[in-house]
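Down below is the structure, laid out as structure tokens.
Labels for the chains are A, B, C and D, by order of writing; each one numbers its residues from 1.
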């Protein structure tokens, strides 16, 4: 199951209802998954779940939220790419077992999910969904049969290979766990009468809360009325924070592992100019993802920042796409050129990343048709040469243009006058986290965990370390 | 989980698509469950499922049915009364396990579901739904780990107490199983290029098929390309066919355990006159369920059959119900009196059964307001004195009016001039099946299986019999 | 515009809300039109309208009804056959003019609608819909510019040729008008605190009201707080009540022009036996429309009434229809045979009417396949040989089987062992209204109003009569 | 009727289908109206219309667009503020009259609509909607009864007071008309095989067309196969182009009356700094409307452009708004602060306009809570002191904060450290159109047309001029 997700948990001291706060937090995380949404709450006696396909405001109405009674709860938004958009795969996953109920919300991707599933099936266990989360539920319950919560989660971590930021309810206890490499983000915050744990700090902001800190890789946090306790279950020599959260996935107003995403992108833009200086009339972003990079580039270079492309805000799922004879319309449905801003000019066009190259080509063609003299493409990520197995829906190796072509080759393909990617060094410095604590798998082909057929970095996690 | 359901399975010889036939068969069984519907098909390689809340035509569109590729499949319609109308409880339940997939559709109610669940949870197993079906899935997979299908189902039957007509797919094999007492109906039919198994023969009719026979209590039938094999797994001394299928639940055009429901109801109507003769101007049914009884009563008594009440066909879920000041309108939304037909007349009013008595009271009040001189109520079932634990959603013992009042008491409560229930003997003779092969639990309080706090008939199934 | 409709008006004495009562009355008239529904109310100051496509419960929710404040109002349900299912054609039609507002709900069909429209267009008037109702609105407003309401409606009647039962609001006055021939039904009733006017008395019943009387052909009734005044605007020598309301369209529990529809149909059934006696084992209706006829036939003939066909209740719009290879399934989706009831038997099959003959053929084929020995078709209407121009959606002359074939020819085509239609005389006597006061256009080809290309009965209305 | 709208017309040379092009053009104009959408097309023989409530992609599906056959057509998007969101008011308005059909799409607001309506009602005319468009339809048809199209439209213009950009079909002729003052925008473009006329040039861009020119105030353009003819029906000494199209309403990538909106906003930003210089750490927009202004301000001032507020993209209609206890969340649902970017800093906050002041106050409060040291508000429009009667939904005079408070008063109310509005002179120079050719009604209280109770500029249109 390849999926991108956002998770949240809320624990209130008093009998304040958690569901509405979870709803707003999920809304702040909507960019992490638009396919399904779910909330599970516990009122001390009973657990209640509601989930459905669609955006957060479409899945829940006021009456639903009022019926979801409970002072503690978790929520999930999800996007899936492998056709697994079945309602069965929506989260939180609610399971009942010998001692009660567990509801799990999971962000990440297990690399050994298939093996674990096979192993569990050999024991006679059955699966009702395709999700990694059901695998996690089985493993967790197996341990909880004879172990404490702490020991159970410790054992769970020992078994899981991959990325996982977990938020779960064991009856009415809220628990947060982050994988030993801290691949996907997870942070905790203080809100009125309680605490919140979420994939990104923007979800804390929306509840007018204060970011306390990130969950430490390998840490388990248990929230209870008015306090929380930390359990550092395992400790890895290094972290492997996903660089793509900074490059593309996270909101610019989120602070992840100590770094404001906005600032990282500004610095990348700045570095991009240093590494690939160019003379031009204006710097223009591919909206929205290129905006912050372009502002950084403009500031460093002194070249005026000006929008040359306008994004259409209303595009939705049910749109009737044009046929072959209106191919240009298909591009313009998303982006229109502001012709007078780019006509006859040399433009630095700034994008966050190039995956297949087709979109960049179409945009540059459109700009040239509007009379742009020169297009100098600058890209906020290094060439992506290898797929992601750890939670970003990117592309297959076959589709990744930089896996098959040199920079010059990509430059020709996208029809740019010049093309400059940020270097890996430049990226790492811009993020401000040591290279050894980042996952650069998609940029280097060297992954922080063992993945069949791929190289694993020596410095990274071995199961035997536990 | 208290639920009423309908199940169907289709196995085609050639590569004919099964989904559309299952769709029509489910449509013919729609009266058995209007809350959710689901279809699972297998094409020899892959299993595909689609299910959702609502009526059959609302859940599936043409595109869905076309995508459900496969020559073998099962379907399910469901109605639940215990608030368990979660999408997770919709069937077929699809599980994957060590050796492949199993999809299960279940009609009936397990009495020992809670015990089995607890036992399975003690082994560390987890549950993702509230349904009996997930319990069945666990037990079946446990056996299939080390046993043949036949032995596994045999062991499954040994463990389950209650009613169950099961239709399931083990990979692409269609299997049908009926509980050793044959409580809920299940029959098989021949159709073009294949076979069908269904809760009622009306589902065979809609596919222009021929009813072959009922599945025998305790029998397992495995369908394969162009044939089927029977395995009589267990044999009980007696059957315990549900009398309420004849009285109310099944379609009149279905043949169940050899008896046409329509004929049974005609004979009940006839017997009702013999047991409770009355002089009157006309015989009138409470539509629709009383119609066939009334025709039988009329024929035997020679009293003219004439409709005195007209049913409104369009009433739906989303209807705005009137407030206290329009109480009479609430009744008339469902039933209107044909005033000239009943004004000044003595009426024999025929109903299939009386549960709480409130509806009967309202109807009789309405008739009296329209000028009816006398209302003689005749009822196609004996007094219902005990709840059903085996698959009919009836009422609690507290709600059952006949559990607390004598016939005279009920007569007074519903404001009838006279009240006559058919006797248990009369009912049994009208059905034409020996009393020892019927479940009369709701009429006698003596059940064919052991139910905590209730009496179990000596003649009936003991687990030790296997 | 060919359309079938139902209309209702409610006038309350006090400030009771009218919308909910109109909602229920429309619901009781739902059989007269399932395509759109609308309600307009007036609270003395302001007029409010809500209308939409779909069934009554789908168009209005509780909040809508609460917002429709007003103690007087009208409602409309509509079915259209000429592709005119545009929201613009939904009724009530609300127009504002010099002196206020008029809301109109119309049941019927104008024969001279096209001419009137052309005439109005010549005056420079514009039309925003295709409906007859907008024509009526123009004509009425033209008169109201310089005439009293009474004179205006009188003049309106002089101009309209065709059938029309009108219910309208002139500001907050409720007015009902029936065409001078009384072609379509319209009746008035007393309810708590007010009055109701409706297409059928069943709509009065649902409000627990008492039928007062039919609106007289050519009469205008104006309702005001606590009373109503009658104005006999024009008087025709004869009426021309539509026989098809009795045969098919109206509810059996409605009383139309003094005759209970149910009784009429019983008498037709009885007469059918007298006119076309036959020996048979059972009498069976084509449900639902043939039921009352069959009961009447059974009573007169002494042949047992027994259902041989079972109607499926759940069929809806969105149903996936089977392809050519499942043609029989297409029939069985609507009707299933109760095989044991008809196998080896001679059956009198009773239907209300035969239009194209295709449905009858399919049903008889199905019965023969189920083993019926003989099928004797008896039909509650005489042969339909001419189209309806006055408000019943029937078929074109080309499609009407009896317009082209003799009774023997139809008998052969539908594959019946014998076929008997009721005679026109028999029908007229069964209805109990003098032939001169009925519209028999579809049965005789002689219409009560002048229709280009068709014959007009001498006895009928001439415009010069006014 | 107070409404904002967008209009489009497409005329193809050959038999190319117009509906899909209209659909895309409407999509490009979606920002001008999100409440309803409609398309009318003509195929030379027949006219077809489809309209409905909602966004363009929600109103039309692929099948609808395919059924809308015709090579010429018009479209409309609409937003209404006066509760008139009835389906009857959706456009295009399709009317039939003596000589054929007219379909009208209208952007603007008539000031004398009520008078015209009364006048037409006095003639006995009726109205089925509340819209100005129906008034226009009546007037146009009245003239077309005895005049040529040119003379009719000329007379129509003589009667209408207010703003109107009209696109209409007279049978299959596409006609565009702009009011003599050119208040609302309207431009024409060349596309493959035909022409397009639209409210904004962005709708031409999306069809890969070339902007030809604006429709001249008082001009009528008739499009026919492969060409168009211009008729300058009336000529006013001056134009009165709406300044709010430049300030807020139009897309930045549109060119209106010769000026690119983006450039105008950049120049306003630049002028704002000149008029109200300030020292600060960064310039930050209120997104999205303040972005271009802020870029212009930054460029002129040399102060770094940096985003301090992040807009949430997913907010929709059905959102559950928080209660009083979560007031801050209500603001943050739309805008989150990027705390590290604004903490401890002096910020120039740039907004397009201040209407009520409440939003500005909430944003500044949020920024101060995030630690902003100083907030210097700079506003792209002068103080709005008077309501708009000509097509912009602004506010009543009571609600307009600048109608009641001085700049210092507003500064205090919104809690800014300083507040600077652009001057009217600065605005006019930034737009680049002579002041005499602009409508500044909302800024000066002097309107280009006579509005009861308001002042009318001497230089402006008098009806006697025609």
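Everything below uses one rule, namely that a contact is a pair of C-beta atoms (placed from the backbone, for glycine too) under 8 Å apart; a residue touches a chain by one contact, two chains touch by 3 or more.
Here the structure is a predicted model, which is why all the values come from computation and not from measurement.
Enquirer: Just grab the chain with the largest centre-to-centre distance to subunit B, centres being mean Cα coordinates.
Expert: If we average the C-alpha coordinates per chain, D ends up farthest from subunit B.
Enquirer: Have a look at A-B, A-D or C-D and name the one that copies the B-C interface, over half of its contact pairs being the same.
Expert: Duplicate interface of B-C: A-D.
Enquirer: Distance-wise, how many Å sit between the C-alpha centres of subunit C and subunit D, to the nearest whole number?
Expert: 49
Enquirer: What's the distance between the Cα centroids of subunit B and subunit D, rounded to whole Å?
Expert: Result: the chain centres lie 62 Å from each other.
Enquirer: Averaging only over C-alpha atoms, locate the centres of subunit A and subunit D and give their separation in whole Å.
Expert: Roughly 38 Å, centre to centre.
Enquirer: Quick one: which residues in subunit A touch 2 or more of the other chains?
Expert: none
Enquirer: Is the way these chains touch best called a line, a ring, a star, complete, or other?
Expert: ring
Enquirer: Quick check: in the complex, which residue numbers of subunit D touch subunit C?
Expert: Subunit D residues touching subunit C: 49, 86-88, 93-98, 102, 118, 121-122, 124-129, 134, 137-138, 141-142, 145.
Enquirer: Write out the stretch or stretches of subunit A touching subunit D in their complex.
Expert: Touching subunit D: residues 20, 23-24, 27-28, 30-31, 34, 55-58, 60-62, 65, 202, 205-208, 251-253, 255, 260, 262-263, 266, 291-292, 295, 298-299, 304-307, 310, 312-314, 316, 318-320, 322, 326, 328-329, 332-333, 336-341 of subunit A.
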